[in-house]
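Both of the next two complexes hold chain A, though its partner changes from chain B to chain C.
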Partner chain A sequence: MTVLPIQMRGVARRFDSKTVLDGLDWEVGPGQVIGLLGRNGAGKSTLMECLLGLREIDGGSIALFGESPDALSDATRARIGYVPQKSDLFDWMTPLQMLDYFKALYPRWNDAKVEALLGRWGIDVAMRNRPIRRLSGGEQQRLSIIRALAHDPDLLVLDEPVSALDPAGRRDFLTELIDGVIERGTTVVFSTHILTDLERVALDVAFLKGGRIVLEGDLDDLLDGAAGQVVNGVHQPKSLEDLFIEVTR
Partner chain B sequence: MTSHSPQLFSIVPSSTEPIYRQLVEQVRRLVAGGQLAPGDALPSVREVALQLAVNPMTVSKAYGLLELESVLERRRGVGMLVADRPRKRSGEGDINARLALLRPTLERAAREARELELDPDTVLSLFKNLLKESP
Partner chain C sequence: MSPRIALYGLLWRAALAQVHPYAHRIVLWLTPVLSLAAVVLAWKVYGPATAASWGANALCSMTLLTWTWGFLPGAFKLNSPANAQLTPGMRARLLELAMTVWMLCIAGLALANAGSPSDVVLRVVWWMVASLGMALAATGNGAGSVVILAIWPLMGLPSVIPDWAHAMMAHPAFLPLLAALLVAPGLLTIRTIFPRAGDRHWRQLEKRNVWRDTDGLRNREDGRFMRWWQARSLRRASGRRDLGAMLLHGGGPGLQVGGIVLGIAGLGLVGLALVGLMHLGDYSRAAELALEMGWMWSLLPLILFQMHTLMLANLTEKPAGQSLLRLAPAMPATAPRFNRLLASTLLRSSLLAWAMATVTALACSILTGAGGDEVLMVASMCCLALPTMILPLRNHAHRSRYNSVLQWLLGLAIAGVCLLVAVVVRGVLALPVFPIAAVFSVLLVVAMTARRYRSMVRAPFAFPAGRLD
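Moving on, here comes the complex of A and B:
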């Protein structure tokens, strides 16, 4: 039996008096490409941070490839890539120093891929030797994506990975997802508010509301109206935007 | 046999029509209209996925459905081809099939014409003029 990349059971997380995750159950299978949707403040980033062991949980259990996130083996850690929504870490390093630092942590590090992406995504030699904090938001985000893809992860967790990118940069990212990531059978979980991008690459979607996954399913089926109203025996199709508003309101 | 480039397709995300169904509809139209002839090779799943920036599984799904409908056929080592079908362009069945493809667009136009309170004759003469115009 294959081990699930992600398994969350009854996960709870509170901040002071606010309950953000409220007994959340969620499973993601190998090779799934799933979009995580929810309103601002619904807890998508918290969910991802708890999932990866970056935040403690107040209740429930999480397993990443069958292991607890706060006690991951090195081998399992090396199978996971993460692009945070915003990262101020290592911003005093130059891109080259940061990438060298991470390369030392991962047994599987694809130098050719890193070099190709740096070149294709316009991170030139001058930029590579400048402190990361002096790069633009878009350049920092591209670098963060390159770092997450560099070790060819089996599970990729992306928290609003394209929020700082212009349309051309977003298209470059989608192309890389399609050709370099999905093609390898990588499991991908990502959140975004750019629904057109989501619709292009996600095969499944999950909606987070009130601290739980309230709706999950095959994106095409949902758009074909599987979850919606039925008029005269026919499911009413709807756009992803309408579905988002209907489900999360 | 003609090989077609992935530029053949275009999609509109965020519509009420899922991307796979947009692709299926486009192939049906191109075949019905003769732009895709029997034996023509379709671009590979990967080419289309990269050109449109969509998940390859979505393209596979569209091709698979078209194969089930016998619009396309999978030829080993070659890829997807437009299926060979005895097609009489002037045949009645064929005309009905092509009319069915046009119907949704015309229904939409008819609704808008009614909303604009245009009388049928005016609308029909406009449509006739449009049909005579070369693209």
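Moving on, here comes the complex of A and C:
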């Protein structure tokens, strides 16, 4: 039996009196590429942090590749890549120092991929030896993504990975995601507010509202199913933006 | 109240609020209370004339300190390039306010110390230069640190000034003339602190400095040597997969013990150089001063040790990066194992910094010619500084309930309790206070370290720090 990369059952998480996750059930299968959508403050980052075990949960259970996030084995942790929302990570190191540092912490590390991505994404030799805090927000974010991809993860969790990237940077990232990650069969969960990017990459979307996944499914099916207006007797699919507003309102 | 004065008041409060939300209220209450306390104490001991002088000194010194370390850093933040360029009159009002407060404080200090005329001149000049140096340092200008370092040895200046210079300075016109001359560099300094947008302003903002940032030690931009040292240390830790060292490298900047050890060693070398200069220059007064005060100066490394432990006690600065460490396969997977690794590393780091500070303090006090009693006192003070070592051993998943200053005060309070116990013991057994307090301090630290170490191991996953609030 195939072990699911992500399995969440009745997950609850509160911050003081505010319930952010309210008995959330969610499963993500192997190779699934799923976009997580929700309004600001809906709890997308909290959901991602909880599922990786970076935040405690108040109730329910989570399994990552069948293991509890509280005690993930080394092998399982080596299968996970994560890009947090904040990109100013390890900003006191240089990019090369940061990458060498993480290389020492992972059992497998794809040097060729790192070198290729650094070159393709415009992080030149001068930048590689400059403290990360002196790089622009977009450059820091690219570096954060390279670090997450460097050990060829089987599960990639991306929390608004393209928020600081310009259109060219976003295109480069999406190309890499499609060609280098999704085609390898990697499971990808990512949140973004840039819906056009989501439409290019995600096969599935999940909407988070009121602490639960309120709608989930194949993107095309959801858009077809939510057909809005009728033009010349044919139901026209709604745009993802319309669907987003309707579901999360 | 005139609108201009109301605006000055608003800017003063807003600038202080940048440093701490209650800074203005604290200063407003603390300054008169402490000044009054100085007056009462001096009145009882020396009489009304000295009481007035002490009161004015306390009032002006505290205001000058607030101006330097509270108002100016806050006003520097207020004077962002956008505000400096686009908010009508803001930069001009900040300049006026800064200059006015500075001149009033200097004038107040001069009046309060109007004893021997030549001494007043020297003191006023020293205060003016030192306060401007501190002002530059507090707002991130590298020249400030140079001025601060250069000005301290000049405290012993009166002993080397010839009599004819003293006579010249005693002339009534000398002080006003000199003060007027120093107003020009003062204005230039304040204008440097509050630039009007442009590249220079942005460059100034980009600089991270040990004095300026709230968490300056952690965020400072290291010099070339320190960057080389850190890179070497990081490479070595990664190469050897030394997980403890890697945790400190990844947990946040400035946490590695190497930096603080180098800082303490540097301080020791500066002390050595000063002693050497005094002997070479044959400055008799300065040598006397070193003999009297050298042992106190030699305690400075302990402050660096305490700053290091306070940084280790507050790992909440860079929690986003810490989450990646927790997910890294090489790191311990369960909370107890991870916390044990972190606790051992923090403890080792604190102990090493303390040992280095103690050795430096003892060496400095011996080199300045301190006698056996003074050396014993320094050793006792080193032991009394030890309680801050327990502060990093805590539940890092929660933010500390106390800020760094309160944590430091907690360390001092523990030392105070040890002193109190030693005073009681002296009453009963007639033993010396400081060595007994030192022994109590060490015993207390051993007991508390063991207890806090165990509770840290049992606590939730330490990284990302501060997430449970």
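In this text, the second predicted complex is superposed on the first by the 235 of 249 C-alpha atoms of A that agree within 3 Å, B and C clash if a C-alpha of one lies under 4 Å from a C-alpha of the other, contacts with A are read in each partner's own complex, and residues count from 1 in each chain.
The rule we apply is simple: a contact is a pair of C-beta atoms (placed from the backbone, for glycine too) under 8 Å apart; a residue touches a chain by one contact, two chains touch by 3 or more.
Predicted model only: the values in this text are computed from it and were never measured.
Engineer: Taking chain A as the common reference for superposition, should the pair chain B and chain C be classed as clashing or as fitting?
Structural biologist: Chain B/chain C on chain A - fit side by side.
Engineer: Once both structures sit on chain A, report the angle chain B, chain A, chain C from C-alpha centres, rounded to the nearest 10 degrees.
Structural biologist: 140
Engineer: Identify the partner contact of A:54: answer first if only chain B is touched, second if only chain C is, both if each is, neither if none is.
Structural biologist: After superposing on A, A:54 lies in contact with chain C but is clear of chain B.
Engineer: Regarding the shared-chain residue A:200, is it in contact with chain B (first), chain C (second), both, or neither?
Structural biologist: After superposing on A, A:200 lies in contact with chain B but is clear of chain C.
Engineer: In the superposed arrangement, does A:4 touch chain B (first), chain C (second), both or neither?
Structural biologist: Once the two structures are laid over each other on A, A:4 reaches no partner at all.
Engineer: A:77 in the overlay: touching chain B, chain C, both, or neither? Say first, second, both or neither.
Structural biologist: Only chain C is touched by A:77; chain B is not.
Engineer: Tell me which touches more residues of chain A here: chain C or chain B.
Structural biologist: More residues of chain A are touched by C.
Engineer: Considering only the touch criterion stated at the top, classify A:219 as touching first (chain B), second (chain C), both, or neither.
Structural biologist: A:219: touches chain B, not chain C.
Engineer: Could you state the shortest Cα distance, in Å, between chain B and chain C after the structures are superposed?
Structural biologist: Result, nearest C-alpha distance in the overlay: 28 Å.
Engineer: Do any residues of chain A touch both chain B and chain C, and if so, which are they?
Structural biologist: none
Engineer: Along chain B, where are the residues that touch chain A in the complex?
Structural biologist: Touching chain A: residues 13-21, 46, 49-50, 52-58, 61 of chain B.
Engineer: Tell me, which parts of chain A touch chain C in their complex?
Structural biologist: Against chain C, the touching part of chain A is residues 49, 52-56, 70-75, 77-78, 80, 82, 84-86, 88-94, 97, 100-107, 131, 134, 147.
Engineer: Of all residues in chain C, which touch chain A in the complex?
Structural biologist: Those residues of chain C that touch chain A are 206, 221, 231, 234-235, 238-239, 241, 246, 249-250, 252-254, 318, 320-321, 323-331, 333-335, 460, 464, 467-468.
Engineer: Show which residues of chain A lie in contact with chain B when the two form their complex.
Structural biologist: Chain A reaches chain B through residues 33, 171, 174-175, 178-179, 182-183, 195-197, 199-203, 219-220, 223-224, 237-242.
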